[in-house]
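The same chain A turns up in both complexes below, where it pairs with chain B and then with chain C.
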Partner chain A sequence: MTESMRPSRRALLSSAVLATVGPAQAQAPARAPVRGGTMVMIVNPEPSTLATYAVSAGNIPPVTTQIYEGLLTYDWEIRPQPMLAKSWTVSEDGKTITFQLQEGVTFHNGQPFTSADVQYSFMEIAKKVNPNGPVILAELQSVDTPDPMTAVFNLANPAPYLMVSLSANNIPIVCKSVFEGTQPLQNPSANRPVGTGPFKFGEWNRGQFIRLDRNERYWKPGLPLLNRIIARFIPDAATRSAALETGEAHYAAYSAVNAADIRRMQANPILGSTTQGYGTTAATSVLEFNMRRPNLAKKEVRQAICYAIDRQFIVDNILHGFGKPATGPLSSVFTTQGFYTDQVRRFDVPDRLEIANRLMDEAGFPRGANGVRMSLFLEINSFGEQWLRQGEYLKQALGQIGINLTLRSEDTATWLRRCYTDYDFDINEPFYSAGADPVVGVHRHYVSSAIRRGTTFVNNKDYRSPDVDRLMDAATREIVPARRAELYHEAQRIMVEDSPGAWLCEVQYVTIFNKKLQNHTNRPLGTYSAFDRAWLER
Partner chain B sequence: MRRWRYFGYRLLFALPVVFGILVLNFFLIRLAPGDAASVLAGESGAASPEYTELLRQKFGLDRPVIEQFFLYIANALRFDLGFSFRNDAPVSELILARLGPTLLLMLAAFSLAVAFGTLLGVLAAVARNSWRDAVISVATLICYATPVFWLGLMLIVVFSVNLAWLPTSGFEDIGQGYEGWERGVDIARHMVMPVAALGLFYLALYTRVMRASMLEQTGMDYVVTARAKGQSEGRIMLGHMLRNAFLPVLTMAGVQAGNLIGGSVVVETVFGWPGIGTLAFNALQSRDLNLLLGIFFISACLVVAINLIVEALTIALDPRIQA
Partner chain C sequence: MGAGLKRFARNRMALLGACVILIVVALTIMAPFLFPAGAFALVGPALQPPSARFWLGTDALGRDVAAGVAEGARTSLLIGMSAAMGAVVLGAVIGGLAGYCRGAVDIVLMRITEFFQTIPAFLLAMLLVVILSPSVLSVIIAITAVSWPGIARLVRGEFVALGGREFILASAGLGASGPRLVFVHLLPNCLSSIIAVGSLLVATAILLETGLAFLGLGDPNVMSWGLQISAGRVSLRAAWWVCTFPGIAILLTVLSINLVGDGLNEALNPRLRER
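Showing the complex of A and B:
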């Protein structure tokens, strides 16, 4: 597809709203919101803990972002919007950020919210025990609190990614007095969170549900509208679909139902669906090549594999149409900020199989007696059945260029150990979310400083490119957006040429909701933000 | 009295068995590659090595295995099951919360299966090779061969989605705030389908065992004698055959009672039932060793206890057993 044929992201977003929500919701603003009611949302799988400040598993924020709030939230263009910070100024050199805080905010335990809580949340909690802290807050040296309503962030170097990483799902603001004098990882508030958000923690009946109750003293006047939110846990996907169809549950995000069921549910008159609310997710399925293996150390072999895969086939048949082919290490979601480019080596050309076979010949792997050039293992992603389906397709696809692929399925702990500690793999099949900025979730897969044995989901490929290291390092500190975009464009061209991995598909998540539930998705963060304005029709 | 001395031996023998299980569990569980810290770090996206190390320290995984072992044994002897770091909660609390729903589901499914299985088995055996026998045999064969998860999903589609008679899943309706009697009815409504899905499998099993056992008794000398004495068929069956024929069912039920505490992962998953089966499965997946060892320990104790009870029953019933 050429650039001119592609509608802008913004146009796509607004057309998606109309197409999926339909006339019933288009009229919604005309009706006055109703107060009260209990919203039931499905969260899958059940979180193991609610310590969102120390564990960043993706199933925790749907619950905790109702309870905790961040300094900022974001509009549809991922521009910062006020939350606990009502305004902010960034100094000329990008090294000082001054936040003015909301007045009259109290934590659920009655303590007033002040700049001391901000300081503590960043310096003592996020920087020390948040798994993403060392990346997002690498440049943060101190937080000054000249008065209770002002927090000044002092950075060693400019950090352009910081301002897009300050929502509650990334760095929640915790109450200093709850934590002070305790070990943060052993704090009892792990499972009884205390925040400033529109809903308070009620009870957690493990294996069944978490109940959140309306915060009567919430600082935004008149909000929240709902009395209660119940997060229900149903392990089986088909049962989750049934619970939505019978109206027992009102909301299920992150494709909690099987892709094959989504079409059926879209035809159900009581249900609606939307693909909005995943604006900072940038989820991409990839292959990682272990470049320590002599076969895969050859660039021609890696490129040949990239050519052999029909990404549109995967989108149509394995993702059931919910996604689109990926072109490189950055998701097209980053078009909004200008970082994405598709002006790279393209593997979706008509004669891709001829090119792939020629590359394999050039690399010195002629076809053997039974047409096989080499045998490799594919490590199947343990997080769900669709990855096995994808592996089965890849076996077929790579067979066309003479690679005999053996699929290996192991449980999560074994799989992680093999691919990120023992490095005993050929091709790995993971799935990544880039987050709101490439620094947060992209760099670590490609820079040589992120080759760290024993750490999951980093550069396990042994990819070492001085050019990529230099470009990404510069992009980390560049505050002029256009120059930063240029650095990423260059890095994408080099990486696609080197092909340390194959970028398969950008996965599009779907939210299914009951049409009685109104105003549930009004931020790009979707289920990673509070349902303070959501309401239920009677 | 010698019979009961024999039982005393069995009781004494149970202690080293439980201890052996404790030791075996501890080391077997460590054969699985990967640890809880790496899984947790994996779920958090990319964590730094420092973060993973921090977790290992918190979980006590950085200490020597032998030290972990003695700590574990000492705690187990005091019935202290430890702390699940993954769940940030004590193991005993996690298991206790699941015990009620697990026992409720398993006992209901189990007792209904034994009762109706026995009845159907007798009905089939009495009218051997009749249409009634054929219907029961075919029906039990179908129940026995049907995968439980499929049956569960079909029940949901028919009774929840299409007919809207029963709730799809869960243990109770949370939003309604039912109390007392109403709450009991609500839980019972949630129980119907999981009990049916699980119970039908056992029902089929016991029906087949009971039928075979009844037929085996038909040719026995005591039945011929009773018939020669001129007793009615009904009395022969109820008064003589039934008690003997029931023994194999009882033995089988005794063995399977060990499953009670383990729950059923499949039924719990399909119906979102908060049972111990899924708790154990998730603990295994995430290498939550303390929790897993706790569940193993409780299950082992229960299995040993049930075996002892069955042994006591057998001794009481069958005078031939002695040391």
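Showing the complex of A and C:
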């Protein structure tokens, strides 16, 4: 089966239709776009570097995806769409991917874009210094360049997740001549990026703003529409909200606006809001159980904890309504790809507390004289106050089933060392981004090969399930989507049954924007993609 | 001492302060009976304004603000008193040694004291709590560590001043031992100043504790006024009562302790007796 993915005119048309019916565009009037203007977006916190090819911090791509481009972008169904690659074919065995590149593309320094840049960006930069490289590009053996407009990827094994991980925020295409013979991290272009994107780097006034200027020689005809983008850094949350309310800033994504302020902003007539644009960065809050502890080695205890938690309460009172209860290790954003299922053991049943108490009895932990069955520690996530609130709630919730939970809050370094190096914890409450594919963001928390002492945010639970290992390994190579989905459904059922952790809430990010700003969210990548078509009403 | 109490009672403001402190103490004793579920219990709907059922309203998680204020009083008093006591003992020992021994000991101890005085107290307290990891004990240790230098300098000054007086020289001449000189003659004579300054330390210790808890550096398992304000801050524009009542509690408690401290100072300070 040679799967040609050259997008037909019809496909382009249908994706355009899809984009127009998206809720974010619903209020966009039929007026013709206006050229010019300066868009001010809030980025929080200020990035420490713009070396997006080597650092995976989430506050870098909103700036760098205006400058760098990827081989692909994605439509609302996370299907690959052309970007620097105008078409591609995947061989029948899934081991060879041939990209035809866009012609007439130049970097901001005037160099023409060719397949040599693609080869260099993948083999020398992404594979060597990108923190996600070892996962996304594990199977990539070489990139051949038969001619300047063709790049052939040779894989050791099929890698179905690769095609959803090629956007600018995953693997930016850099200019070979800028990097050749230098240390990537010390390269002068780390903080003065040179890309092919619609905006060129202007200046970075540390602590204040980054200015991006229109790329007059951009390869997409007539674009971009904006003259300039200013990324502003405002450390105080109340000031950020005020900047949007006064019209000083046009756009704020992720948690730049306090959840408690969002309702007020939504009532503001000059502001709009959307929950779109987070299709590949969905985040889930979870609990991790240290299964090395004798109490937590018992499945009944872990399940009882899962039953004891009212996830809707957390959504309503701690996330201020911006989220929904999670059902298992895969986020429901994977529904579009068919990987998600809610046909698993459900912990949100009406008699959940009775079940939980019964499980604790069965596990051999009767209530003592003071009603307490066992005492456990909860390690408070040090990335913000909401986690302390969640901990305070969990203490109450677990108290209902006789678990006396003690909260321990330490600084970030101590917390990470305790949970991922020393393994001296009972329950941890981290927060994970799912990634564009389960291979990228989910596997490492559950497969036994990811029990790596000292590596943060991997399988610290000591969860070892031969079945889950086998299913996830198979899903890594399976290229038929329906069969892959079956593997993930089975893995979810097993993991929820085993409950190596508790899956709490899928966080719903909200973008707040000024209604003068049009056409800003037209891809699932949202602020992780370029504002090339965005324009400002006068 | 009896005459001192009488003088204290003549100071209306100090009496008022003492009454408020008594009420706060009564509140901490009654808290377990008034709010048997505890301050962290989720007792009602979130962000309810003050009502007959919840006198001071509920916070963002549906916890009773009144229960938090009552339990927070216990935390504040416990930490305030313990830290002030610790600072007084530590300060008196160091200041006493310096003032009694003089010479090299004095120089070394006073340079150490000055070293601590030059470091911003709140930053040092934050650093200590982070290093020791937040708990009631680490907060007490941190506040003690930043509060003792004032007491040390005071005690040293008193010892030096008293050390040259005739009655001290006379008892030394009669062969009184060092400990006897310190505990029978020197210390009792500067006790009134220590009490007056120590009582004011309780107020600063409570403020320090509140500040630490506000920044999330308090013991997460213990309710405190700082924690309440910090948790209520995000919903301040929607629910004023979550921050306001603990804030009033801090204001009243600290003000009362200051009034009592001033009253004690006036009552016990011989130089102010004739006023």
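We adopt the following convention: the second predicted complex is superposed on the first by the 509 of 538 C-alpha atoms of A that agree within 3 Å, B and C clash if a C-alpha of one lies under 4 Å from a C-alpha of the other, contacts with A are read in each partner's own complex, and residues count from 1 in each chain.
Everything that follows uses one rule, which is that contacts are C-beta pairs under 8 Å (C-beta built on N, C-alpha and C of every residue); 3 or more make two chains touch, one makes a residue touch a chain.
Not measured: the values here are computed from a predicted model.
A.B. asks: Which chain, chain B or chain C, is in touch with more residues of chain A?
C.D. replies: Chain A has more residues touched by B than by the other partner.
A.B. asks: Tell me the contact category for A:406 with respect to chain B and chain C: first, second, both or neither.
C.D. replies: second
A.B. asks: So, A:380: does it touch chain B (first), chain C (second), both, or neither?
C.D. replies: second
A.B. asks: Applying the document's definition of touch, where does A:414 land relative to chain B and chain C: first, second, both, or neither?
C.D. replies: A:414: touches chain B and chain C.
A.B. asks: Once the shared chain is lined up, is A:457 touching chain B (first), chain C (second), both, or neither of them?
C.D. replies: In the superposed model, A:457 contacts chain B only, not chain C.
A.B. asks: With the two complexes superposed on chain A, say which partner A:258 touches: chain B (first), chain C (second), both, or neither.
C.D. replies: A:258 sits against chain C, while chain B stays out of touch.
A.B. asks: Which partner does A:483 reach: the first (chain B), the second (chain C), both, or neither?
C.D. replies: Touch partners of A:483: none, neither chain B nor chain C.
A.B. asks: Check the residue A:346 against both partner chains and state whether it touches chain B (first), chain C (second), both, or neither.
C.D. replies: A:346 contacts neither chain B nor chain C.
A.B. asks: Go through the superposed model and pick first if A:391 touches only chain B, second if only chain C, both, or neither.
C.D. replies: After superposing on A, A:391 lies in contact with chain C but is clear of chain B.
A.B. asks: Could you say whether A:441 touches chain B, chain C, both of them, or neither, answering first, second, both or neither?
C.D. replies: A:441 contacts chain B only, not chain C.
A.B. asks: Both chain B and chain C touch chain A; at which residues?
C.D. replies: On chain A, the residues that contact chain B in one structure and chain C in the other are 411, 414.
A.B. asks: Per the contact definition, I'd like the list of chain A residues that touch chain C in the complex.
C.D. replies: 258-261, 264, 313, 316-318, 380, 385, 388-389, 391-393, 395-396, 406-411, 414
A.B. asks: For chain A, which residues count as touching chain B in their complex?
C.D. replies: So the residues of chain A touching chain B come out as 38, 40, 45, 48-49, 51, 55-58, 129, 131-132, 134-135, 185-186, 190-191, 205-209, 211, 228, 230, 232-236, 238-239, 242-243, 245-246, 248, 411-414, 416-418, 420-421, 433, 441, 444, 450, 452, 454-458.
A.B. asks: Inside the complex, what are the residues of chain B that reach chain A?
C.D. replies: 32-35, 38-52, 54-55, 58, 86-89, 94, 97-98, 101, 149, 153, 156-157, 160-161, 164, 167-172, 174-175, 268-275, 278-279, 282, 285-287
A.B. asks: Within the complex, which stretch of chain C touches chain A?
C.D. replies: Of all residues in chain C, those touching chain A are 40-42, 46, 60-62, 130, 133-134, 216, 220-221, 230-231, 234-235, 237-238.
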